[in-house]
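Several structures are given next for inspection.
Next come two complexes, and both contain subunit A; in the first it sits with subunit B, in the second with subunit C.
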Partner chain A sequence: MLPGYPYSILNSLQYFLFYLLFSVPLTLSYRTSKVLNFSHSNFIAYGMYTAIFLHGLAGNQSFLVAAIAAFLAGGSIALLNHLAVFRPLEQRRASPAFVMIASMGLWIMYNYLLYMLADVAHAFTMKNFISYGRIDYADIPDLRILDFTVDHSLLASLASATAFGTALYLLLMKTSLGRAMRAVADNPALAEISGIPREKVLRFTWFLCGGAAAVGGVLWTSFSGTITPASADAMILQVFAVSFIGGLVSLSRTILGALAISLAENVGIAALNTFFGIPTSFRPFITFVTLLTVLIVSPPLGAAGGLPYRFRRKVGGGR
Partner chain B sequence: MIDILGFLVSWLTLLGIYSILALSLNFESGVSGVTNFGKVLFYGVGAYVAAALSTYLLLAIYGIDTSETPPYDIKGIIALGHLSTRNPLVNLGLFALTLILAFLVAGALGYLLTYPILRVGPAFVGFTLLSSGELMRIFLQHYTPLGASKGLMAIPNPFAWVPVPRLREALFLAVVLSLLALVYLVLNRLVNSPFGRALKAVRDDEIAALCLGKHVPRIKATVLFIGSGFSGVAGALLAYYLTAVNPDMFVPAVTFNVWAMIILGGLGNLKGSLVGAAVFTLLDRLLTFVTPQIGLTVVSPDYIRWFAVGLLIVVLIIARPQGLLPEEPVKTPALEEALRAAGESSG
Partner chain C sequence: MSEESKGKAAPAGKKLSISALVPLLAVFIVGLLIGFALAGVFGAQQAAQAVAPQEKRTISIGFTLPLSGELSSIGKVWEKVVYLAIEDLNAEVQAYGFNVEFKPVILDDATSAEGALRNVQTFAQQGIKVIIGPAASSQVKAVKSFVDSNEIVLISPSSTAPTLAIPGDFVFRTVGSDAGQAKVLAVLAFQEGARKVVVFHRNDEYGNAFADFFEKYFKELGGAAVKMPYQTGLSDYAAEVASLASRVQAEKVDAVVLISFDTDGGNILSHAAKSPVLSAVRWFISEGPHGAAELKAPAVGEFAAKVKLLGTRPLFIGNPLYEDFKARLKSKYGVDATVFCDTLYDAVKLAGWAIIRAGSSDGRAIRAALVEIAKTYYGPSGWTIFDESGDKANQDYGVWAIVRTAAGYDFKDVGVYERGSIVFLEKPYP
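On to the complex of A and B.
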């Protein structure tokens, strides 16, 4: 019997779906734009807070409304980042390190802007937006199968992840826009020579990635007990580790990574807790060890990675 | 009456500590191209090495059983308060010992961490180091022997035996500034040496450096050893200055603050880092003096400050990527001769 059964399994499934919605956009945005976007966690956080502000200020009870609003908000932020920061840097041929530092600056900026917005909203309504409770949406029911209740947030995550996955698959594989996106990811110069409007593809990709991550944030508000402006940052290790397992390129490997990390975390920490008494707050260590193992055993080489150094064999040594 | 002398001493001490951080980060990231987003890890490790060793050893030296009165306990804190003023030699000896160990432990950690990140690009390096820093914080928050979330208090300042507080602060400031001078001299010498040129080659084109026979992995590991070691020293100085450490002092925001300093000052220019550190620490100190005067507002001034830091990084990267002081060429005898010749012919 697995430790922590059945909660560890149910949590794994739930987290798998979250990581899918958070990390697939990250991989997609990196492989299309070659920008490692640290401000990716802002998309998630702004998605959460779009839902919270709609709930707390406008009394919104509908998941659908919140998701659409969050998609537009997250997408707009991503598009704004691209137009105001990443595109000028690319036109100047700035090094990847500079682009990364710029995205880090954006990350801090948006993070504290969110704290400020929460403070302002608090001043008007006297509600606590810095630590907000779980939102029960009226339009997603708890599903009962036999004597087993499927939590409504799990149901919503399942529906959203399936919808997102199917839509993304159809987009990438069946439409000419998707083919253009794949072409830009594989070889930007060749794509441009072939007449693909790279700039338009990039804008569309950013909007899609920001929006999808923000919808993931809305789902988080129906799952987590307390939501703070730092909730998204608390998950950034997992989200990036999942994408790193995919080498920041492969979407199918990213999905595998989401499965691996969610299982390792939830089942692994339950096992460590049961057998060795390690506190559950040490969860991130499992993710980190997984990340280090992946970096050592199967380092992502090529565009996203570095040089294939080997330490055992001497270069030009005896045969 | 505003206490100008006190303001100056506290500003200069912070300036010294942050300058060491900024110099070492500039050495790693500006000169050698290791995108270190985990500065706070080595800073925190240095601070905790100094804090833990000095408190545990001080109790042990005077024959107090640390398993019964641990330093994070209230009894331990009181005992430390009494003991720290007893023997100047013990204080100074502990200070020197922990400073060296902070350098070695933080440096060794930096050296080891280069192994998993050698074969991956800057994106992975930055993120792996960033998450290592966060993990350290989570670990410290839950590890009782290091005081868990309360941290360690009553760290014996090396000059705790000096009865006049002003003099005590001034002596510590002198130590901080002389260490800063030492770090600057060492790094300046390294940057303007054949090794420094190899570092810039690795930063600008790793493959080219490799083809010219430079052992890139070893160079990167050396850089992180030196840079992290100095950050460890900065952390130890912080621990002795504040005489208390806790895990929440070592959040990723600290790293970004140092990044903002070196970007403002100019990547690859060591003097620029000093300028950047001076500007930021001065603003910080002024803010702590001014904030109580403003009183309660809708938005916390802290948030505005951090928002401004992020905005500044973005604006600088877009508008003035070379910073206030642009990078200078490596000083070599050949360059000096050429410059002198050019000066003579034109003059």
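On to the complex of A and C.
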């Protein structure tokens, strides 16, 4: 039997779904805009806090309401970042490193803004918004199958990830907007010459990515025991690790990355702890060894000579 | 000119000079009178200036608090305690006739060692010689060499790692070291029937030292302890809790001893509440998560009742000053007194009076005054006298539980440690 069974398996599945919802939007936004966006963690954090403020200030018990509000909030922030910061920088021909540093500035700014909002909410209600407990939503019940209970958080994550995955697949493969998104991702200059409105595509992509990550944040509030404004920051490097496995380009490889990291972090550490006595405090170590290995062996597009996978195949003799 | 004319002219000149002298004399006398009058007025003003109250002297005390990060849950409460303590301190010193006003300068250190060091350096640049905080032992360790070399008095209300009990430095702690609390927690667990436990602890200065001392005392009592550290600062601890459940099953222990802060403790307990394995053993907890709102959640409250969760914390139960402090904090700021609120309050009072007694901004003078003031000060946390290491010399410990009240689940002090055993004041769980 696997160490830590069944919790390690269930946690793996739960984390796989979280990483999917957090990393796929990161990959999608990078491959379309070429911005390595550290402010991505803000989308998740603002998603969490949209749910928390709705729960703590307005007494909202509905996951659906929280998810819709978070999608709009996260999407709006992403769009605002693009219009106010990334686009003007691009127009001034700023280097990718410069834009990345700007995204770090946004990341820190939004963090402090969130602390301020939590403080204001605290002043009005005397509730502690800086550290908030798990939210039990009324519209996502636990599912009981025979003797086994599927936690409501896992159920909601499964439903959300499936809905997001299906919608994304249909969007990218079956709609003209999706085809335009893929074209912009592959070759922005060619796409523009072909008459694809790149700016429109970028705006839509940012809104979609910010919104999807924020819905992931709402799911997190139904799973984690404590949510703080720093919760998303504490996992952003894992999210980047997952996206790097996908080369920051391939959505299918990002999904594989999510699976690999979630298994390593849950089943892997439980096995190391049980069989070799390695302390569980080594869990982040496993993630970052994976991240470094991926960066060296298979660097993502635009970093350390990383190439899109389709070019690698050609370079490697059609493997 | 003839001699006659000379002779006539002379008496005429004498007449003129006498007649001219009279008004001159009158002017002189009047001038003298005016002069005296004016002198009297200005003299009176000068005298009035001499006795008029001097401008109020403002003295800043630095606070590096965990307003965000892993201790943010109690950090927000501490901020209110600081305001209450400063207000009380100002009223007290002014009642004694000191024309002094203390001003708190509060900075957030995000419960990080780097944040605490940055704050302490900022205070040093501002010329502040007394700093209260930081909260965690790892943070105190990070700022220790800076405050020692710059002769800044640092008073932590909550750092408890025994490794920081160092005589002759500038670090003071208004709470006893965990060498004492680890013994109380070991006695509590053993007295409640635990014989083999997993000590699930933070992998930091506080957690490692506490776990070592717990293991030592628990073994002395005849028990066995398996230490299991976990990494701090994670966004979630579900994987760690799964590994804990696995270890509990593998080692066949009868209790878990959790050494944590508040956000990690709340997180761990909320995941443990979902585990049948972890719900089947007893749980004993250090003072860290006491007061965290996450522990009042129904799921954790039900879990606490199921596993008969008990914790220890530095507390002098039955102190009327503590009860008064608790009631005033609640009525004025609407918050409940959590762990270390009393020691923080007393730290502020001690700092203020030490500055006044020292009469200068010299760090050594303030340090010497602080030791003397603490010998005779008695506050909500009890008698504050320091031992030779600058830690609270006489620390009492209470036992807390999470009980169901009319307004939901809440913390309750249910017992005390007395002469080597736990005395329960009430039965917390049916």
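By our rule, the second predicted complex is superposed on the first by the 295 of 319 C-alpha atoms of A that agree within 3 Å, B and C clash if a C-alpha of one lies under 4 Å from a C-alpha of the other, contacts with A are read in each partner's own complex, and residues count from 1 in each chain.
In the analysis below, a residue touches a chain if its C-beta (ideal position, glycine included) is under 8 Å from a C-beta of that chain, and two chains touch if they have at least 3 such contacts.
In this text, all values refer to a predicted model and were calculated from it rather than measured experimentally.
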With both structures lined up on subunit A, is it a clash or a fit for subunit B and subunit C?
-> clash
Partner chain in contact with A:106 - subunit B first, subunit C second, else both or neither = first
Once the shared chain is lined up, is A:279 touching subunit B (first), subunit C (second), both, or neither of them?
-> both
Partner chain in contact with A:21 - subunit B first, subunit C second, else both or neither = neither
Kindly classify A:115 by the partners it touches after superposition: subunit B alone (first), subunit C alone (second), both, or neither?
-> both
Quick one: classify A:78 as touching subunit B (first), subunit C (second), both or neither.
-> neither
Can A:8 be said to touch subunit B (first), subunit C (second), both, or neither?
-> second
May I ask you to decide whether A:151 touches subunit B, subunit C, both, or neither, giving the answer as first, second, both or neither?
-> second
For A:291, select first, second, both or neither according to whether it touches subunit B, subunit C, the two together, or no partner.
-> first
Please name the chain, subunit B or subunit C, that touches the greater number of residues in subunit A.
-> B
Which superposed partner A:259 touches (first subunit B, second subunit C, both, neither) = neither
Subunit B/subunit C common contact set on subunit A | 115, 279, 281-282, 284
Quick one: which bits of subunit C touch subunit A in the complex? Just the residue numbers, please.
-> 67-69, 72-73, 75-76, 110, 203, 228-231, 233-247, 250, 262-264, 266-271, 274-275, 292-294, 296-297, 299-300, 334-335
List of subunit B residues in touch with subunit A within their complex | 29, 33, 35, 37, 115-124, 126-128, 131-132, 134-135, 138-139, 141-142, 206-207, 210, 216-217, 253, 256, 259-260, 263, 298-300, 303-304, 306-307, 309-314, 317-318, 321
Hey, which residues of subunit A end up touching subunit C in the complex?
-> 3-5, 7-8, 11, 14-15, 115, 122, 126-128, 130-134, 136, 151, 223-226, 228-235, 265-266, 269-270, 273-274, 279-284
In the complex, go through subunit A and note every residue touching subunit B.
-> 30, 36, 38, 85, 88-89, 92, 94, 96-98, 100-102, 104-113, 115-116, 119-120, 123, 236-237, 240-241, 244, 248, 279, 281-282, 284-285, 288, 291-292, 295-296, 299-301, 304-309, 311
